[in-house]
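Note that the chains take the letters A, B, C and D in the order they are written out, and that residue 1 is the start of every chain.
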Amino acid sequence: MKQSVIKYLLSVRKRLYIIIFETDTRVGRLFDIILLWAILLSVFGVMLESVKEIKQPYGTFLLMAEWAFTILFTIEYLLRLFISRSPGKYAFSFLGIIDLLALLPSYITLFVSGGSYLIVIRSIRLLRVFRILKLGRYLREASVLTDALTASRHKILVFLGAVTTLVLITGTLMYMIEGSGGGFTSIPRSIYWAIVTVTTVGYGDIAPQTIIGQITASILMLMGYAIIAVPTGIVTSEIVNAEKGKIKEENQIICSSCELNAHDPDAKFCKSCGNKLS
Amino acid sequence: MKQSVIKYLLSVRKRLYIIIFETDTRVGRLFDIILLWAILLSVFGVMLESVKEIKQPYGTFLLMAEWAFTILFTIEYLLRLFISRSPGKYAFSFLGIIDLLALLPSYITLFVSGGSYLIVIRSIRLLRVFRILKLGRYLREASVLTDALTASRHKILVFLGAVTTLVLITGTLMYMIEGSGGGFTSIPRSIYWAIVTVTTVGYGDIAPQTIIGQITASILMLMGYAIIAVPTGIVTSEIVNAEKGKIKEENQIICSSCELNAHDPDAKFCKSCGNKLS
Amino acid sequence: MKQSVIKYLLSVRKRLYIIIFETDTRVGRLFDIILLWAILLSVFGVMLESVKEIKQPYGTFLLMAEWAFTILFTIEYLLRLFISRSPGKYAFSFLGIIDLLALLPSYITLFVSGGSYLIVIRSIRLLRVFRILKLGRYLREASVLTDALTASRHKILVFLGAVTTLVLITGTLMYMIEGSGGGFTSIPRSIYWAIVTVTTVGYGDIAPQTIIGQITASILMLMGYAIIAVPTGIVTSEIVNAEKGKIKEENQIICSSCELNAHDPDAKFCKSCGNKLS
Amino acid sequence: MKQSVIKYLLSVRKRLYIIIFETDTRVGRLFDIILLWAILLSVFGVMLESVKEIKQPYGTFLLMAEWAFTILFTIEYLLRLFISRSPGKYAFSFLGIIDLLALLPSYITLFVSGGSYLIVIRSIRLLRVFRILKLGRYLREASVLTDALTASRHKILVFLGAVTTLVLITGTLMYMIEGSGGGFTSIPRSIYWAIVTVTTVGYGDIAPQTIIGQITASILMLMGYAIIAVPTGIVTSEIVNAEKGKIKEENQIICSSCELNAHDPDAKFCKSCGNKLS
């Protein structure tokens, strides 16, 4: 009898595995959709709680919702942990740690009492916002974009390196030029200003006051305005290439002799075996 | 005799239909142009009315213009309603409801009197600005742009989803880092700041004050500065493809000898085998 | 003898015509370079005059430079007028009127005296900055850019029309949402804010205060951030096409039979007469 | 014996030359990596020194690190100077002068004492930030970007010239329109505002107050928003061409039978005539 219980539990585990980790079955898809909405709603709840005007009248309702989501996510966390084929790998992955950190504070508040500690512990719950990254796998179309970004990541890093150098030099120069007028009180702060300027954000909390400072800033702005063209050019070039590669793949002139299928649209002979293409 | 009146009315209706809904006849085009200017002028009038310095001296003139346009648009609305082949469809369409809402307030003010109610009712007239969308159909060249945007709408949605996630996470992190200093008083407000920053708008009404906050903001700015390349790349790629597709489509000259089909539009002989093209 | 004087004057006129209107001779080029520097220096002088800190100590020097340039430009203006083959055309062209307006104030100040009138007259001199447009013809490389912009001007106009509509609607909506809080005191002012926001300039002098206003503004910002891709895509597509056209032109496989030279790089037979290409 | 010393010294010089100027040997690479980190750390140290909150408690430590780096860079400078084949060329190059200027202040502070002079001298050390440009040669991937930028530098200069003209004219017009309201106190300042606006930075320290000024500013913003497309188009076009050129260059497989040369890199048979490619 004991054996049949184990067998039953194993079959339950197997079925749960399919529901939680796979999306091909109807129940698996339903589980995913419920989880997706639960994550979105719980993130939305935490956000609303930070608004004083909402927390005061609806505090009790938000607390109840909080506990409902905590229990739901606890069940999900335990299921993932015990049913996964490699529980350790999940537990110590980035999302696994986030999942745990998003749960613990609610439970700790049951045992600990007292103002300031509680606030620190509760604020950890805000890390829950990272769980939104889980939604990423629902998007299949993202692959073209991430492929293009991956292909051009070296060039983008070089570009960011060039921007960083520009910002370090301009920041230091502006600190020398402006003195502490206009908010350029230290080099790191001047570099912060240079980043705000070169990216064309321009808060205006720090702004050059001297003539030479304004001329330097003008040059930085024009450079920032022009060099935005560089990452755009890189990514555009990669996306155009990625689309072309896809077209070739979809083109599907298959060689009847060697079954190669990546032929140019105007090819008359197979480029691999020399066989005539129909 | 009654029959001939009906016949006459039907022929009037038919002629009006051609004037209002078609743009091929001279009178139809004239009707469109007058309507176009009337919409632009009435929108301009409502805008001027909101400026105190203009309303005081020219108030009476604006009121008269208001009534002139109201009567003109009432006639247009009734004509569209009674002449259209499916009046219900027009009446409950977005532009139909806007047309009605743009007319009603002027008539209601005749019967209702008394300060605060009147202001609310009159402000509904501002919705008239949506009527400007009617001008859209006068632009034929817009189709290339809308085609490119339609073709890349999935990728742009994925991109906007990625930006939203980035903004949610950065907003929450900044609320944790900055406390309520510098205006980060709630998570929604912090997210608002993150949107203002990542889109490089940068009002400066909310700005990070702590060192860690400024470092986080700097990273967000550089990311915002670099990821603008993604939608640009997507749309550019689509427009280049759309133009190519158009050229290819217009250009189906196939060589009867070697079956090559990539000929220039002005080609008379096959560039590959020298055969005469038909 | 009189005849020989006329003949001499005509030959002088012809020589001056070559110097002023043509750039192929050495003297003509020298004239152009001197004029170019004179324009730049006179514009620079007018700019410095507007800075109080510079005008007080160096006022006399600036006045002398002013008169030197005025006399130089007067000579140039008269020469252009009397030597040109169609003086009227030049006199009433945009640059001709600017040239005259840039000269008159200096002479008027000799006859008129008295504070406020003088300031108005002198400020007309500032229009001299438009003379900088004359430098445009020295740039040959500008043609690729202006060609691309000319080719895509219809699409860019459609794009600007779409942005204008977006800005009109958002501005009106924000006026309704924000009331007069945060500086949205009239619809034109709200539209000004919408332009500042959608172009990602973001001065911060007007900023939404209400939650709904901030949500609307966030949507506008994200749209502004994404639709920048549209003009970029249009212009990029045109420049890529312009370059391709140039490559074909430079490709220079010339048919020995009909002398056509716009062949594709892989063409073996002339597309116009079917002759074999070498 | 003397000869052998000279011979020994020459061989040391040769070995040092390889270590310092070449990166192919293991020791040469190690030297480069140590130098790279020393530059980054010394720049970081100078930056931290400018922050009052850090200088007070850690001042002594920063001074010690300062001297350690000064001695290290002195050794590097002397080695470069005496081992280089053309010492004069290095000494008077931009980076050579920066290297010297970055060292001198530390030594001068040993002999000179007294407040204000010291500060000026010490601030020269900040030029050390330019040494970061030395890191450039470690990046091989940068060549594609710099190639694209070099190829399009003429067009970018024309573009910057057009932007400069736009900014000069708009700045002058705004000075005439706004008077000294809203901070448009002089033409150079108005031009500074125009640059801040056209590049979409938008600090908000200077903003138009009059209706006409706001309309002019709106037009400038829309132009700035649209013309960003031009440099982007230029650079994108160049990068796409550079990539294509690279592919074509790497790909000179010519069919010996039909002389087609547009084969894929993995092609074994001619796609047009089926002939075997060598």
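One rule holds for everything that comes next: a contact is a pair of C-beta atoms (placed from the backbone, for glycine too) under 8 Å apart; a residue touches a chain by one contact, two chains touch by 3 or more.
Bear in mind the structure is a predicted one, so any value in this text is a computation, not a measurement.
Undergrad: Could you check if the interface between copies subunit C and subunit D is built from the same residues on both sides, meaning over half shared, or from different ones?
TA: Shared-number fraction below one half, so different.
Undergrad: Between A-C, A-B or B-D, which shows the same interface as A-D, counting it as a repeat when over half of the contact pairs match?
TA: Answer for the repeat of A-D: A-B.
Undergrad: In terms of CA centroid distance, which chain is the most far removed from subunit D?
TA: Taking each chain's C-alpha mean as its centre, the farthest from subunit D is B.
Undergrad: Distance from the CA centroid of subunit C to that of subunit D, rounded to the nearest Å?
TA: Averaging C-alpha atoms per chain gives centres 31 Å apart.
Undergrad: CA centre of subunit B versus CA centre of subunit D: separation in Å?
TA: Centre separation, subunit B to subunit D: 43 Å.
Undergrad: Taking each residue of subunit A in turn, which ones touch at least two of the other chains?
TA: 159, 188, 200-204, 228, 232, 234, 236, 240, 266
Undergrad: Please name which positions on subunit D make contact with subunit C in the complex.
TA: These residues of subunit D touch subunit C: 154-155, 157-159, 161-162, 165, 168-169, 172, 175-176, 185-188, 191, 197, 200-204, 207, 211, 214, 217-218, 221-222, 224-226, 228-230, 232-234, 236-237, 240-241, 258, 260, 262.
Undergrad: In their shared complex, at which residues does subunit B touch subunit D?
TA: 200-204, 232, 236, 272
Undergrad: With touch defined as at the start, can you tell me which subunit D residues reach subunit A in the complex?
TA: Going through subunit D, the ones touching subunit A are 43, 46-48, 50-52, 123, 126, 129-130, 132-133, 135-136, 139, 141-142, 144-145, 148-149, 156, 159-160, 163, 188-189, 192, 195-196, 198-205, 228, 231-232, 234-240, 243, 263-264, 266-276.
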